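Chain IDs A, B, C and D follow the sequence of writing; residue 1 opens each chain.
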């Protein structure tokens, strides 16, 4: 059980490594690099970089207890067949019309080297903000009998929140780790975390990395 | 064209009544009534009631120019076959375990009488916060060749935002009307509106009812 | 365990009432009545009527052992908002352009009275041939922890097969009951049953009502 | 307009290159090679190989008139995270438990060299028999404003038919080219083609490559 608000996770106390996954959203060069897409939009990537040690610690703890790590990567198909005229127009006004950013196969699409991606991890490539829409994430989660999701990554208000909302709608049990998420927009970040708690946990429950690691350590001790 | 931020709607200036729908999210007794689900959770429904005249004016204008009205209603199936043990538990801690709220067929499920629902309108019943997940909304929108959506209703941060996010991921052109949305939580409401505008309009664009009605009046004049 | 081909059901021998559902596809007046949609298309509804006693026996057995019954009904929304210009055209060439058939709320939409529908049963209304597309069937199955599906109903080659294919793609364990399915087209019916078995059971496995009832009777004895 | 049965394609006569795609299903080594998955299952791949010249001619004609080519490839993720215990069991009874077949990145996953795949073509990788389920095909089709699909490839009764059924349910206009599809099971192949035509075209309409090429040649002449 992980201490969380507005309720502990999971609600019924049945925390099991094999039915749980750590979701690490979009920790890619395009968002974290000082020369990537996000920096070009005028956002300070240092906020996003500041969660790297926290996520690394969570990844290490999850591996240790046997929780699967799932990384997502945001980017259009390399053939850009999923890019609409509207999106081309918006890339132009964002000053990245011709830039090879947020595209699979480009350097910015890669997960930053500080994140320890291993062969056993699962990687989901997505075009949408949601990790579920037009991907095989739900297929993989069901195939692996994973029902509990721990959310981390960036940005809190956009891709983390959209993925979290869709996970809740699909009845996955969801926990968001407040200090393992970040956004370029601090107001949006804080409000996104707050929104999880309205109506007694409309998007699941929220905790911090200390409590998560503490809760997970009890799983390890149990299974020894 | 409707004046909006961070960009006018739609982006290419091609506003057409037949490819546009006004989405009115969850204006039901359970949220707006002083004795409904939402009031029982300690939220002040007067915030939600305050947008009734604005939505009514938008509905009247949209009807006038030939824009389709789509109402959504939130609630479990009347047989509750879509309610999980977790949801039963959360209803219990919310004090509505036995109450017949947010259930299809119950009085609280009805759209409030102040909203003018007509036989030509489309009604989408949903269990999820998203209007797309496990419903026929996308099917109906494609069947009607509707590509542009104007979002109104409640609550801004939960059902409006989840539906808006999924609409954007599916490449619908989306406009949110700031004064035609409301939440019981004013901070969450304002932050949800702000989030639409990050990254130059990551969830479309935002306007107010005055600008929307003004923009729509030009469609009417054109088609005369 | 139910004796079936090309492999017994379920493959691992773990047959449990609470994780199994009996799916009864489209046993509606529009297909079974002598004056319904199907008869108007020149198909002989007596083939479809002939499976009524078999399905009734399966329903009774399933109820007896605690297996949930799920009925589907095919039909456009009563507002016909999901009907495309192409579908209107095809209805015209089928001679049912103005007829109120395959529409929710019309008499032909009702399940025939020979089928014993009870309040505990789950009903899924659909526009598509698939029972999954644009419906809440998957949502309900997950909410009820149902992973094993026994398919019956009509027509074998169209709605039963499309639903079966989508269930397999979503990793539900599927059994089709050969003598509890029917089609107006006997060649298509037989071929549809055959297709299930190709590639060592590409769409699950196939049995007959005798073997299903026999297999289910062992569940009952076990749980006593 | 393409001459087809039970109705010409498309039904309204409006055939346009930019809104049409040629879908080429699973023309991979695992199905066509004499040492691939399909041959190992005891099916004769020469049936599948026999449609290669027909598909090649269709691809060339479609390129010529500006119709987009979409190839699908069947196979589990290279990390096999989408493979269930049931599927592992079935692979074992099929004698391919340890074999690296139907897996992305393996030699058998590649499209056969006789098929001319070009950088402008769109490739959809899928685990399911359907090309839509858990893929971005629908996202790409909408992004490209493609509404009309011409189906070819293998196998007619499994992946072609499942993809066709889902395309019809999503209201794409669908044409299947009889001599550009094949199956290892000739009875299933013929029955699958027949099923398209029941109920006046329940899964669209059917034609042969001669009629398709003839119909497409008129597009070319028009646009010159």
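Everything that follows uses one rule, which is that contacts are C-beta pairs under 8 Å (C-beta built on N, C-alpha and C of every residue); 3 or more make two chains touch, one makes a residue touch a chain.
Everything numeric here is computed off the predicted structure, so don't read it as measured data.
*Asks:* In terms of CA centroid distance, which chain is the most far removed from chain A?
*Replies:* It is C.
*Asks:* Given that chain C and chain D are copies and touch, would you call their interface same or different according to whether over half of its residue numbers are shared?
*Replies:* Because over half of the interface numbers appear in both copies, chain D and chain C meet with the same residues.
*Asks:* With centres defined as the mean C-alpha position, give me the chain A-chain C separation in Å.
*Replies:* Spacing between the chain centres: roughly 39 Å.
*Asks:* Distance from the CA centroid of chain A to that of chain B, rounded to the nearest Å?
*Replies:* 27
*Asks:* Multi-chain contacts only, two chains or more: what residues does chain B have there?
*Replies:* Touching at least two other chains: 84, 128, 133-134, 139, 143, 170-171.
*Asks:* May I ask you to sort the chain touch graph into line, ring, star, complete or other?
*Replies:* Shape = complete; every chain linked to every other.
*Asks:* Could you pull out which chain D residues touch chain B in their complex?
*Replies:* Of all residues in chain D, those touching chain B are 139, 142-143, 170-171.
*Asks:* Which of the residues in chain C end up touching chain B in this complex?
*Replies:* Going by the criterion above, the answer is residues 77, 79, 81-84, 119-120, 122-123, 127-128, 133-136, 138-140, 143-144.
*Asks:* Spell out the part of chain C that touches chain D in their complex, as residue ranges.
*Replies:* Within the complex, chain C contacts chain D at residues 7, 11-12, 41, 84-86, 89-90, 93-94, 128-130, 133-134, 157-158, 161-162, 165-166, 168-171, 173, 184-185, 187-188, 191-192, 194-195, 198-202.
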